[in-house]
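Here the chain labels run A, B, C and D in written order, and each chain numbers its own residues starting at 1.
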């Protein structure tokens, strides 16, 4: 089986995905999209920077935007460790395997550790952020879909197996994964997690590394549609790229939008599986071939599979198992033929 | 303005759309689809006939299916009048305008009056049905999306203006209508109603007459998705044709499915406008050209606009204002180009 | 049977309950309560008057408040007729039965007809109001529980049978009614309607006439709780008098609040029965004795049964069937003994 | 401050509350209540035993019932540790502090470790259970409120501070706690957790040790009311003891019921705070004195505060800080005086 065994005592304690940082051309337009439609809250905004959090988040930011006239990029993906002591262990671990970690001063965060993972993804670890007010209990202050918190980040990588091997050594586990076809043992995508729901980091085959999307939890179906309705009212209806619908893999009900700079973001419901117990074994799905139970909904646009945000200064490379992309192409052609 | 003035004292009192009757090839497959996914309730089933109602319906049936090995057809559209006396007035009215009404014995219905309207649609009027138990208050007996009741029937007609003129004389009013383009005064579709929400009969330009779909009310977003999820679990996920989404015209949140014989059926939420007051004037929308506020969602498949159920023994005719179909074609091409 | 037969051709066409007018001591406090918690919209506010409507209401007002330093009172209950011509018929009818109708100029309404019904309730009929924007499609503008529209008004009367007899002659019908005990044929309360759901006017035995409450429709359970949560956040949590819960009679899920001047107002969900068809016969319920199916929830406070708003200048009289009040007392004592 | 500092490296790794075991007189009646109303699923039933799990639970049981003609009792509270190795560490830890742990063979569980905590609560630790099918993705198989999983267990203890001190040493943290009065530093109740939401074990002052209730997560408001409606339909409406409502402390929307043997059980919504980050500090609330923001809803019945299930063979002792119970009495009298 291609999924590694869980590592129960990893070298340091990552608790969850923490944040993502993007560049955009117009912070005000970005603020409107995320605050009015998704319901994120501004923690800080100035001429050059915009820091946002969900209504349940006590930490300063889960999305950071820097104004730039360059093409929109993702600058890094943030992960949390439990404590400052764990951060020191992280430094030692990464140094030990030759990854050249470096300390960074990052506003509103405690000590921050930067390192590029073997897939080329720029990571940032921290154990503390400035504490903010939760407005989860203040419906009078909430807007849009009242997005609660960052749930996961999905990444295009050229080799999902390599990503799995690396992150399993850090204590990540996997609940669902997918091969492209029935008789294909190479992994097309995999959901990995540290906190006790199915995803912190999701890896999908594609030109990589690239940032595919981040997902925020919304409390209900009604709030999911409220985001869409408000997007429509504000002339942002075309930002909706896929859904509303339901994933067969990973089970969540979702809608995907593109923000005004094209960064993809998902809104999803919170009734995912609890993933604490070791009894829970990885479930294999197939993109194509054997039909999965529970599939419904219109096929995703090709754009959803192929378009993603490049990381600043990182040139994406082609997929290692290039036959996966041929299977994907056939899958999309077949699904779209069914649904004209 | 192309919308006629309301007729406040029509020749007889139609209260609402009542039922539709289709032929299908396999009653058991039909029953599974409507009962397990939509949550309709069987009022009667035998070798040849299946009568269904919603969980809030006290009348015997709102959908009737007859087993037939012929290609699936719609046999008639039913309308309710308030009382037996109103039914006699209906007879006189239709006879007076030369439409050749005829009395029919129909199981589980009181006296029934059949007539073909000027668009070629076979209608059936009645004032009474056998009384059945409402299971609205019995969540323990409900299934699927707990569909409450038949809300409306949508029909393809070759000339929407002619349909409007005929039905306005029967007391129907119109809340929303659509022209194909900005500078096009011919009506592409119109929502007409007798009960106090926006639709009993909806008319859309198309080869006609044909039965486009009937719509059932479901209590909540959660129930709407429940229908989809159960369709998926039962291997009926491909029956979902369009949505879930929101109509810009007529406002409702919806999902469209095709039943196993291809008859289209909609599930929609119940928070439509109340339409009782004469202050409410028809609102004009455009299929194409000027963007309507509140638009979001993926474009409908071409099939949704072009495919429909023929009426038994009635050969569909081409659309009168054929330029509307060219505008539709351009609209679909443009919308699908945006969303690949 | 104590419920009269439906009158299908009443002397004039009432379409629905329309509005209620109260006095309050502080318009700003009133505005906060109804707009922030219930989500009503201000149509007009000045030093002395406040006019509110629901987010789906196209007519100018469904609740009117006049500033007054006197004890809070209800000034009148409004009903709509279909057209100006029906208003003239109403005048003639009331004059013919000796009720002394009088025309009144009322701001934002068309010609208005005032009359006191035989129970002593001050009524106001109109056929037109100033037209306002519906913000049903504007979730970005909605607040609180997004209350859609006025649904019904409940009134204390000394003799429910007399009220039924009067309003049935005006075309009202009855779906649910209640006797106080198993062997008691006198009616304790009755739900009567003109529009096609179960209630426009509800009559309950009590010192009368008094205004018991008016009910607004909210779209979902989530919105119902949102009203409560926002009431709590604004320090108005004690305004919640009863619920959230479910009525056994009339089926609706509800919460009752008292506004800052003590006027009672209900928020309820919209999935009531459709009541158009004559097949639907009145259902008898019992306050006490035989247990009704579907009962759950904590007993109402005694205040809910006994406290109500007096009509301006009208002294309430005792209940005609005084034994009903003894049964009520026993019922409350028994229910509260079960739930300590 | 009376809340201890978090212990980040506890002696062994408890992951979550796992299960509770009760005695009841009639297993069939118990099964009906939990399966039809709450929507739990039977993992095993025989003449003497009934094992239930939530629709998202992959482990064999979260509630266990043993048939007994004795008065209903709680037999033990179960906790999960991450792995078999952690279970051995648990044994050593408890032995080391003199608590006399003992291994037990328990059906459908891996090796199980029993120990009585210093409060007198019989605990059972395990690392494995028999794996069962999750029916989270099978709405067609779900019933009642589709309860997802056991969330927390609330316990009456005579000294909440002592419980906190003990469980903090095991790695539990505290998000919310309550003192009885404004100037009272003794803790009346405290929410402690290991998994990343606000509660695994809740401790409340009362004759102790006793089992107060266990709480299951339900996906939505609609499902919460569905449980109540089905309870009503099945003649179990009187089992509802408190709510539906919202907690000010701990934020969740809830309803409490008593099962047919009087064991209390809660249904609650899942949008609780995520509690992973160390930035999250304990919040102090007051039962009485200073009003907490966001309070609404009717006061709890006295029974909710005073009645609970005894542990088998354990005689409850009086509360250590007896003045807390006087404050509680005054609080209840005041709240009930407000709400008659």
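Just so it is clear, a residue touches a chain if its C-beta (ideal position, glycine included) is under 8 Å from a C-beta of that chain, and two chains touch if they have at least 3 such contacts.
Predicted model, so just to flag it, every value in this text is computed and none were measured.
Enquirer: Hey, which pair has more contacts between C-betas, B-D or A-B?
Expert: Higher contact count goes to A-B.
Enquirer: Chain A to chain D: how many Å between their CA centres?
Expert: 33
Enquirer: Taking the mean of the CA coordinates per chain, how far is chain B from chain D in Å?
Expert: The mean C-alpha positions of chain B and chain D differ by 50 Å.
Enquirer: For chain A and chain B, what's the span in angstrom between their mean Cα positions?
Expert: Computed value for the inter-centroid distance: 42 Å.
Enquirer: Which positions in chain B touch two or more other chains at once?
Expert: 137, 219-222, 229, 233, 293-294
Enquirer: Going by the touch rule set out above, what shape does the chain contact graph take here: line, ring, star, complete or other?
Expert: Shape = complete; every chain linked to every other.
Enquirer: Under the stated contact criterion, what part of chain A meets chain D in this complex?
Expert: 8, 15-16, 56, 58-59, 80, 82-83, 85, 127-129, 131, 134, 136-137, 148-149, 195-196, 219-221, 251, 270-271, 273-274, 276-280, 293-294
Enquirer: Taking the touch rule as given, give the residues of chain A at its contact with chain B in the complex, in rising order.
Expert: 220-222, 224-225, 228-229, 231-233, 235-238, 240-242, 244-246, 248, 253, 291, 293-298, 301-303, 338-340
Enquirer: Touching chain D in the complex: which residues of chain B?
Expert: Chain B reaches chain D through residues 36, 137-140, 219-220, 222, 226, 229-230, 233-234.
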